[in-house]
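In the two complexes that follow, chain A is the common piece, with chain B as its partner first and chain C second.
Up next is the complex of A and B:
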């Protein structure tokens, strides 16, 4: 595959920076999020949560709550235990012998993290429900808590009284152990690094919310939820609450961001359903922000050990990785699988012959972890991109030069990796070159040297991150080999209405990604209509019954491909009808801008709109043809897609205060062909911001007792506009050969790339002082202390 | 207690609980759900509206405190014919929103900011919007939209 540096060709609307069709409703306040829905007679739910990280529940006294004004009902976990047909679902038991405690939506006799539900109250207003929840008296017998991840791995304290070990599983990927041993024994250079991936709070701006409305007859329920996964949720709610799946309709209205945190099946969704069933009234719940910090999944939470063996020139001969991954208190939907999404990528963009990866999942008495933007790939990229810089330091080479020496060469694609993947396409050096030029690398290095010579107290640091990631989840067979219980396909229907307007039904479920815009652009070009004439239906299981939803940067490469295939099938049918009407053979017709015309006699033509009407009236169809122009497709990808690029962060570090300013940021990404570069830009911007946030600002902090100390935006530092620079973006285009549009995912790339770029930049600024590692988030205090620790007398702490 | 205020040009008068916050008055009593709630510590700015033309976080004040005042919410920004306000247009043109949850508050904050700073620098925009969090956009395009709206001379209604 060849790489180009310009945006793709734009014969139609695909490839143009079309403004989003979603925006008017969102900008005018007309869009409806779940919290905005008006549901007459709905009861409001409040959840009573454990204040202890680990305790036995000895009694739950609901009398105070039941006497509280406006209360309709209150239930303990024991009273609700009969509502559940099975425990909360985990769809990814990564090994056959994985241990996991049973997890009910409301705990019955043991609570295992601060925020674990113990009772639920419903009242006629949210305020009354909250007041009543405060009046529930729960007696606890406190148990020792396993808080620190490495301590928990030692089994000194068990996170669950029913488990014999906190170790849930160990998963290994060691293609050739001897080769790894040999490489390390013979290597001229080795580095051994230890990194901590702190816990992160996803913090979508819209907290979660759910509203379940029982229908008048027949035991049916409409579930409105702020979710990324209406289809998966429907199935899982049915299984867990024992409601036949077809009696549940899940609607995700406008959803205010997810980043993985709404890729889950939550206790509150099950509770609202169970209480609506029990009380035969609508039941709704809106999450408070402090509740979100505890009761919505966290991301990351790993201790990483990575070793590289290299030759004297820094060419990497082997990578060996050991992870401890914090599961938190329970397995949520894909908790155990998150580290596996990185397991294949710890050699990064480098052509490495020997590889060993081991991960142990460990329970702790903290909020469950699960997928958060990038899920496994940011962790992998962080480790290899930090470690490659360590190699560069060790051999005294420029980090960009060491990367170049190790890149998988462009002519080796499709590339069979040592970890067993086939990287679809890539040209890593082209992206690196473009990024270095965009940021002005040479001048920056000179400026850096000048400041050091002058003894400046504001030092300059330049950090690189060359990444590749695997996304577009996923080939179903591959998922099966990883023990995931579902597939990775996506479904779509395209139909032309009698007036020539087009309906697209997608199984993807957007929450900010602009699918309505992108999907209508794809179909507009296929069918020769205006994007405005394409209606995109999504996120309602009654309208779109088949789908596997939105996560893992899959929606375009899997869901978009399904749409393109469905449109092609519709065209195939229309061609037969056109041939019938024009009395020619189908092969003699060519399609251009929605018109079929006869080759050689262009005056003989018929448009798709007219054909749609013909197919609708069905007055004169070819023998055996069914009425209407409609086609469906379900696409199961043959491979992941492998977007890549190089990001460069430039920081100024104040050696007297430890303050880090991110002063410049350049990103060159390659996501193959682009449908709408405007939307791609937005995904990259937002991704970078979240990656920078992990590097510099955010951490979910627990005390020794397992109390979460960062439950508000005053403690948990989601960056504001004033803390970030503008970003310079560039792109190379190396189409994916794995799907017909040549597209790759871009939803997570920015987050994956940014974190190591920023931390590498900080370390780069201080490396001449002997600083090699600063834990994330890189706070002024940590910087200051590391300067003092590395080089006493150059400023900084004790 | 009885509160009377002008909201998006219309006089509203209701009997509300003394503890009712302005944001819930707007959302639940008036049905103006464009104003969102993103936190419970007055940190996120999702609830920003204009009080007599100046931005205020509507979760920080009681409905009663707005008695006699003039409030503009996101629903009051577009013209009655549905033509978007130039700030809204700039957000659309520059892709200054993704999920849209922060957007109503952000647009109101920009409206107030541009009234004070009709010709801002990028750094001033970033400082000026520091009370409004967005998790999707990384702010880049929000800043671009704000600068573009300033160039277009977009003042609050």
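Up next is the complex of A and C:
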């Protein structure tokens, strides 16, 4: 296991900073999204949504809509109830006794959040459909709403009239309760922290969109959807709408980001399918931005209580965590499981002997939550990284020193964690050292002290976050143990065409990650061709029938591995053919840059391109060999992968106004071997921005009645480049032993690391004033108030 | 994101626009840069029956030296004010504030007349015009009239402009030195949570953004300065008599506090720049 601070080795194209092949089309506007598809005769759908957080639907009068210009049809939930052969799917019933209300695409008699669908209208244009939707008269009888998460957990108000409790499940991971009790009883130092993970609106650049085109005579449906999961969607649409799976083809054209929000099966996808079936016409729907704020899942939404027991030096002896997790109004595809993806990581990068985790999932009358970039792991990392700073403050030690004292040592990998995971590889101290050097930690601490001494009103704060995540979802056996209904494998096919060009079919479904570039780089090196000669086919179930799609930083370590294995199998076959042509034994051949040559007589050689043509003509194949050079592989990972690193945020806090400026940011990440460090940079950049967004800017705010107040970008503050400094990026490389390429995953790391780093920095800036906690997002007003509350008489707020 | 149905007419002259406006003033809106009106229409918060586009009316985009004041045509885009040599030399506050509005797209499409006529207390330019003792030139069926900025902003999104009138020119007093603008927001593109436009030459005029239903002057501060108070003491009186809004970006209490800090900073900066 090697650890360096440079980019990976660059023999061939793998490891080089090749520019993304996807980008010219995306940047020039030539890429086609669902909304861009021209489908003659398509009807446009508009959805009538509940303006109440909780209400009984007493009547739905469609007459106004039906009389509206251009309208083809309009349906209430009751009229559509017969379209569904089962309720909306949840693939992750985390406990055997989990409670979940029935969830239909269109509510029939009770609506449970603002945005819950009550009727659907189709018209010949989107504008006409929207005008007609506004003419649907729905009578509601308002019911009390469970809005606040902790209040909902008390069952004072029930989120669904059919439930006896809002508590959906309680899931525990307590390997040794006595050990935890003992540790807390004997600890010299304990901290007990409460953090709120505010709800976030994923806000992908492209809102959702669906277009379902029925095929003539066949009873088949082509479903175009802005989705991350064409394969899972196909199966779930079939089950829910009662269409045989083989009659559905799902295509995800260019998809403008998802961040987990398109890892779902949505009412509108089912509605378009059902209406296309009923009306025998194409039906399409394009989500609007404000609609997306309430009709697409939210992320986060937890109240966390974390306790650490530590010795006098800050060495952590036990971690105890209690979570309340906001499910929202319904279980979407993996809603209940999101907190569990963090359940194993609340001890973070630290060697902790005792552990207790409990999570209760709670229904509220708000938009359902589900996976959002990091899904459970940002929440876990936030809690432990904030709490470890609390320990450092309590014992008066430098936070980097307390981290160092607790790190899982590099010689303990593979490391069996107290929570039952096996961390594949790591060198946490090396990443910390590199990050501190990159940011200039010692000088910053001196500058911080100087400003404090001078009584400056612009204070400096330095925040650390050392993280590890489990990604590369996931070994199918482990998913079974967590009650997830599917596996975690990925499939790939590699074939050489008669002219020596290469076609790769992947079950991963890119929506911004650059898979076409990365996959073609992997295959180019394997087969000795140029990446431009590799065609990557994806995101169409007719082209790529097998796959489990893209989420959980899985595509490279699982899907990329499947491609590498398929390419190896193709080479194995080509070797037999080459041996046949060159009349030598297969083991006497060596492959280099796409050429098989005979060991010891290099002039006797044949290239893969020529072999592909031979295999295509099939004029002279070895006995029993099938034509064509093609191989498939399905890879089920043996373990998760565990990327890690340390991020350092530097903030200036204006004590007079409370304004926080992020002035410097250094990130050292270790995702194992890198296929394309430029793509890694991009993932880290975007990830950091999204993590900073949670720390300082974004929050889905509800009022007491359950109305979402942040439905436009005027109120929901997504930061832009002007709010962010240039990031200083570094890398260590600790290959994963779990897969042949030694890769880990980088899609979520930045988001996981950044949020606690930034909030730790703000608290660090103000800690000498007694500030220990500021709720996220850390707004100027909250900072101002915390200064006033913590240190009256300092001239700040109150 | 799709506005309600409306009729669109493009005017070639102020007279033509006034004629169309007079047909049905209450359901007709003027469209200039569109950066305030169109978002409201897309959210269906505004549903005018007729849009009269004055964006291509010739002769209304200029920044002119007019002796003791600078005259700005109502259709001058923010970016053109920002980079105008005349504005930079004689009313650098106006040029600077024009460069702080929204984001580059807004600054290249939005117009000064549109921003003033919209009367949004959260907008920056009304405060700048108020601090510069501006005069608004209005054309209408009853002829031309001039209204001082102090009388122009009447209430939330409500101005002295009648539904059948057109704002054609903005005049601001020259103030080459002794000015400052403080804009406090969370993202560069956002409206100010609180903003301050200050001119300290020849008697201080301090105008506040987002501290009430309209852009307002910090009368307490101005009185204190006139009475000889120091900057800190005068700034502490900035929110006097004002009722700032409470919203997701800040409570009224926080805005009052911000006003004291930002007015102090603005006055310090304005004084340092030659006040």
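What we mean here is this: the second predicted complex is superposed on the first by the 798 of 798 C-alpha atoms of A that agree within 3 Å, B and C clash if a C-alpha of one lies under 4 Å from a C-alpha of the other, contacts with A are read in each partner's own complex, and residues count from 1 in each chain.
In this section, contacts are C-beta pairs under 8 Å (C-beta built on N, C-alpha and C of every residue); 3 or more make two chains touch, one makes a residue touch a chain.
Here the structure is a predicted model, which is why all the values come from computation and not from measurement.
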item	value
Partner chain(s) touched by A:205 [first = chain B, second = chain C, both, neither]	first
Which of chain B and chain C A:397 touches, first, second, both or neither	neither
Which superposed partner A:712 touches (first chain B, second chain C, both, neither)	both
Partner chain in contact with A:679 - chain B first, chain C second, else both or neither	first
Which of chain B and chain C A:720 touches, first, second, both or neither	both
Touched partner set for A:66, first chain B, second chain C, both or neither	neither
Between chain B and chain C, more extensive residue contact with chain A	B
Touching partner for A:289 - first (chain B), second (chain C), both, neither	both
Chain A residues contacted in one complex by chain B, in the other by chain C	288-290, 712, 714, 720, 722
Footprint of chain B on chain A - complex, ascending	19-20, 22-33, 35-36, 38, 203-207, 254-257, 259, 288-290, 511-514, 678-679, 681-682, 685-690, 712-714, 718, 720-722, 724, 726-727, 750
Of all residues in chain B, those that touch chain A in their complex	27, 31-41, 43-44, 46, 73-75, 77-78, 82, 84, 88, 91-93, 95, 97-104, 107, 122, 125-127, 129-143
Touching residues (chain side chain A, partner chain C) in the complex	126-127, 130-131, 288-290, 656-657, 659, 696-697, 701, 709-710, 712, 714-715, 717, 719-720, 722-723, 779-781, 784-785, 797
Residue numbers on chain C that touch chain A, as the complex places them	1-2, 4-5, 43, 184, 186-191, 193, 248-251, 254, 257-258, 261-262
